[in-house]
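Structure first, then comments.
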Amino acid sequence: MRIHLINPNTSRAMTDKIAVTAREVAGLDVSVVAICPAPGAGPAAVESHTDEAWAALVVAQQVAASEAAGAPDAAPADGYVVACFGDPGLDAARELTNGPVVGIAEAAMHVAALSGRTFAVVTTLSRTLGRAHDLVRRYGFEDACVAMYAADVPVLELEDAGSAARETIARLCERAVRDDGADTVVLGCAGMTDLCADLTKRTGVPVIDGVAAAVGLVSGMVRMSVGTSKRDEYAPPPRLPAAGPQD
Amino acid sequence: MRIHLINPNTSRAMTDKIAVTAREVAGLDVSVVAICPAPGAGPAAVESHTDEAWAALVVAQQVAASEAAGAPDAAPADGYVVACFGDPGLDAARELTNGPVVGIAEAAMHVAALSGRTFAVVTTLSRTLGRAHDLVRRYGFEDACVAMYAADVPVLELEDAGSAARETIARLCERAVRDDGADTVVLGCAGMTDLCADLTKRTGVPVIDGVAAAVGLVSGMVRMSVGTSKRDEYAPPPRLPAAGPQD
Amino acid sequence: MRIHLINPNTSRAMTDKIAVTAREVAGLDVSVVAICPAPGAGPAAVESHTDEAWAALVVAQQVAASEAAGAPDAAPADGYVVACFGDPGLDAARELTNGPVVGIAEAAMHVAALSGRTFAVVTTLSRTLGRAHDLVRRYGFEDACVAMYAADVPVLELEDAGSAARETIARLCERAVRDDGADTVVLGCAGMTDLCADLTKRTGVPVIDGVAAAVGLVSGMVRMSVGTSKRDEYAPPPRLPAAGPQD
Amino acid sequence: MRIHLINPNTSRAMTDKIAVTAREVAGLDVSVVAICPAPGAGPAAVESHTDEAWAALVVAQQVAASEAAGAPDAAPADGYVVACFGDPGLDAARELTNGPVVGIAEAAMHVAALSGRTFAVVTTLSRTLGRAHDLVRRYGFEDACVAMYAADVPVLELEDAGSAARETIARLCERAVRDDGADTVVLGCAGMTDLCADLTKRTGVPVIDGVAAAVGLVSGMVRMSVGTSKRDEYAPPPRLPAAGPQD
Amino acid sequence: MRIHLINPNTSRAMTDKIAVTAREVAGLDVSVVAICPAPGAGPAAVESHTDEAWAALVVAQQVAASEAAGAPDAAPADGYVVACFGDPGLDAARELTNGPVVGIAEAAMHVAALSGRTFAVVTTLSRTLGRAHDLVRRYGFEDACVAMYAADVPVLELEDAGSAARETIARLCERAVRDDGADTVVLGCAGMTDLCADLTKRTGVPVIDGVAAAVGLVSGMVRMSVGTSKRDEYAPPPRLPAAGPQD
Amino acid sequence: MRIHLINPNTSRAMTDKIAVTAREVAGLDVSVVAICPAPGAGPAAVESHTDEAWAALVVAQQVAASEAAGAPDAAPADGYVVACFGDPGLDAARELTNGPVVGIAEAAMHVAALSGRTFAVVTTLSRTLGRAHDLVRRYGFEDACVAMYAADVPVLELEDAGSAARETIARLCERAVRDDGADTVVLGCAGMTDLCADLTKRTGVPVIDGVAAAVGLVSGMVRMSVGTSKRDEYAPPPRLPAAGPQD
């Protein structure tokens, strides 16, 4: 089976890192295709509602493009992962395919809810906590999510192994477990995907990366033949997404 | 004071109709500037999550453009109205200005909540009810909103006076009052703005148009010097919105 | 248009101060009539549920009196503001008039919800926080209201410019912004109306006075011809309010 | 022990009927004193928010009077029942005594929640359902309360054994059980107290009268020495209630 | 009337202590029968979900046995109390009898809700707080319950008068009142029943023991002839509980 | 990897049917071991709270037995599925293993939430809807679950291919989609596992079987190394489950 992993920001380095994680947890029968927009065709990082508005359109464009490309000879994707913690464009993406689409925020939260009673979210910038809060409510996890912390490090600084960002994040995870009684910690950025194993060891509780979680959920849904319901809200839209800024 | 009214779809006719309503309820000291994207620079109508993704970006672009234009000699807007019932791009718009920004869905719901205990939403397409439901929750009106109906007429058909759309909408309003005990009815599309007075007469309860409500709220906020809080989430974003598909 | 502003306590000084704020934010076409009960005909201040029970009856009596007086030659009020933060008698007032009626607590909260994602309430006495909590739930703002603080100063001490009350209130506003992440602060007493501008400057976020907010909302509703829905709950009551203690 | 049962309307006949029920369920060691305001000193019936505003003040006045009278030689009440389904003045009453105070709406709902998972409320006038809805939320029974019906009969007509009111009420109880899956039915008016046994037989499920429930709860609380917490909100108020309209 | 009080753990000492409290608050006409499983026929204490699974079965077995024994000559119980704070087996018990069944957690919370606006729970082990949290939600007290603390003392250590457990519990009660604004405190273990009076004195607010509360509620329900609704969910089950591990 | 699938009822036929489904959706690297109690060592079916109390203990016993058996030479299970729609014993099972444990009700609901906005539950007996309702709340899906229907057929009748049960279930699924706007349907009984494909075809929306969903989720969690958080609530319990009725 083929999973398309869409990172809506233009960082090829982050996209490649995400793909590594995705492939590690995917079963042997799963092929992961990691996609990101060309420079200038999407936001450099998703760090504001303004970035997110563009990211949502990018996700819709990429799904539409994948579906269109799939037609004659290439196999279309069996499922999609939206690899940005705000789950931008998730609803639009669900309109544009029959397959399952899972965002990494929802995936991490669903898995956290199966691993313990409570979880915390540790993310990059405090200005994005409002969006995270909206997602927690939309997905039904108000009761389970006991804390949300921002390390206040820019998304792209996570790429810099020498930065203090990783230690800051680790301390917030520890604090969530110790002071807020979080059973697990959800990492609030696709760029944190490679911190997961270390943080799990350090905190003593499952630290959940949305990329791994989403790949697991989408591939599971493909195996059990559950795609997106096309009943009404997610039926094919009257118009495809604009070709977009990148064209 | 100057209010910029942004319709994110490309229908100039609908934009002009909205502006008429807006000017009728604005006080004498309020000047309304009605804006919509050029053909091809935004969705023709907002009838899906896919359309909405583009509309959100359009709203952000228009606010950014207004703010930029305001700089040297033209007066910037004192406040903004997002004139599309899904309130697309509202959070992004709030990042991009110090002034108040109000969406017509939130405006109509807030006014409804002051006019009675309960309200119903009557909108165009059933596939948009999911988004309306999200907004009801986001704004805190789960308890107040007792029904949501879709007339299942396309947005642009409302422009056609000879269509059956208006009668369908009127019957849904009556049903909401009679069967669901709605104290008021919120019209779920900017394009219904001219139906408001007739429906109020026919149903015997206040039928609330979001455009009028939003103009009233934004101008009131300007008068009391309350803009958008720039504390954290809505502080200026690290990057302005992409120039967008229209360029 | 004529707005009747009803302060249910007997402090003429506070009533006059409130009227000043109200007139400042009202448009040029709005005339504000500020009313309070005669000494002995209402509570001296509203600082308990017991006071509030009387205040509710006073509000109903004043609205009924205004409506009755309006009949033959005097113009009745176009709308009413209940100028006491517990919004006492609001439901009764809505039964007694066709026009819009807005309480200052609900007004401030609605405006706060348009200015940012979160707000805090800073009020006078901790014993009134229970009532404030009830209102937050009734109006749908559980999610938006992130903190409630009481300065534990009596209502009437706010009138004394030399008291420490103002500094205490300012510090609580700062704390709500800094520690609780409040995007805005709602002032929980009509008597704080004159502190608003200073506190906005000091905290750097919009500090919202319910009197200004309510005048803005009621006058906006009058302009858009939205009064109180008379469908069932707020239809004229079978009996007018008792003449009341003042007679 | 002595329980004061306060009916805030002026119907002596209804008060006497309520007292009969109260005495039937009270233990042998409980003495019930049934109180109502003199004609003109309270509303004739509580059928609107306007009536309720007066009723709340009447309840506060009666508790204050009981407490004052208790001082030198007469034994003060050990607990109070507010015998009107809107629970008017309940918060004020709690400020005015150390003993327990229970409203008949809350009592009936608490008992219903112990008897089954779900309940319905069957009351007199539809215009009072808004208040009942507020109480359901305030007391935490949104999930348990599956239906609310109004017979649309005036409160005092229940006194007329020949009226059709009783049959209407019975049918609504049956409907709630059959169509809404109500495990029990809560009667939404003190004046329905004598219908309870018959309706239980007819519907086959417990039909709960708030008067009996409140007497049971208050007397139980007296036995276990649990009164009203005087911590802050319900500490003695700064001012006693106005002598009131009746004086 | 006869109330069966079921302690699902095998501690005869704790069962006897509970019975003392129960008899103190029961009216003169109430006879309390305190039951616990024989050693080996139930958990030694209920300190985990694993213990609770067994406790639930024990409760069902004991109710079924009481009901069966009641048949020919012995009087069956008029009502049941489940005397373990997790309310294990409560739903099953309700299926197995026509009489009322009340758990001590729900009883304490219902009484707390009548005594003040807010309460805290102080219990034994932090690992049981998840279950307590579930009960708070199930019973509708999310809004009322402002804090939950665990003393982290094993259940059976409460029996040891010389242990530090009592002081730890007292300090948590004080903290809940002072820092969390709890109007009352609910004791989260049947084994704390004898601490109630001292803690009430020390904290200055009602400290509520579920055993006393449950006896009060069940006997009140018997007096007003309200048992368990047998409509559907709680109708007699298709199979009686297994004879159980003790046989 | 090895998944233990625990059916707590004693039907070997149903257990075998469930195992077939489980193996179909499991990846090639997943071995499924299907377990059920011996006759007399568990309930014949789970159709009441009374049955469920026993089922919970059976689940705990089976997990404990698996874990114990795993010790010296046999590989312990990598994860567990509780294959009964009430998710009995789920919390206890999580205490007893480090691996992930997923119930089929929660699994189906989580997958439904990824496939559409809304879902309905179609189950066997109406008396079990209360439990299903509790689970919906516990898992956070109150907003997503738009309808719950019971076919009122006994669990074991589903085994009879000639019964009318299947048609009844199909019609309820169609009704949920048509009248309640369910995007997907969750089957509320492990015994319906073989109806899934046909119902998906008939209704045109994803019909979700909890067994398949749970196997997908547990195996995904094993692949991403996320087990049960052992922080506090789910740490190993002080006592293992009683040997139980089967011994």
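Some points to look at:
Labels A, B, C, D, E and F are assigned to the chains in the order they are written; within every chain, residues are numbered from 1.
In the analysis below, contacts are C-beta pairs under 8 Å (C-beta built on N, C-alpha and C of every residue); 3 or more make two chains touch, one makes a residue touch a chain.
As the structure is a computational prediction, the values presented were derived from the model and not from experiment.
Rounded to a multiple of 5, the C-alpha superposition of chain C onto chain D involves a rotation of 180 degrees.
Using the mean of the Cα atoms as each chain's centre, the chain most removed from chain F is C.
On residue numbers, the A-B interface is repeated by C-D, which shares over half of its contact pairs, out of the options A-F, D-E or C-D.
The two sequence copies chain E and chain F touch through a face in which the numbers common to both exceed half of the numbers used overall. Look at where the CA atoms of chain B average out and do the same for chain E: the two points lie 53 Å apart. Inter-chain spacing, taken between the CA centroids of chain B and chain C, is 28 Å. Shared contact sites, meaning residues of chain E that touch two or more other chains, fall at 117, 130, 137, 143, 232-233. The residues of chain B lying in touch with chain C in their complex are 25-29, 100, 102, 106, 110-111, 113-117, 139-144, 177, 181-184, 197, 200, 204-206, 208-209, 212-213, 216-217, 219-221, 223-234. Only residues 43-45, 47-54, 56-57, 59-60, 89, 91-92, 94-96, 126-127, 129-131, 134, 137-138, 154, 232-233, 235, 237-245, 247 of chain F touch chain E when the two sit together in their complex.
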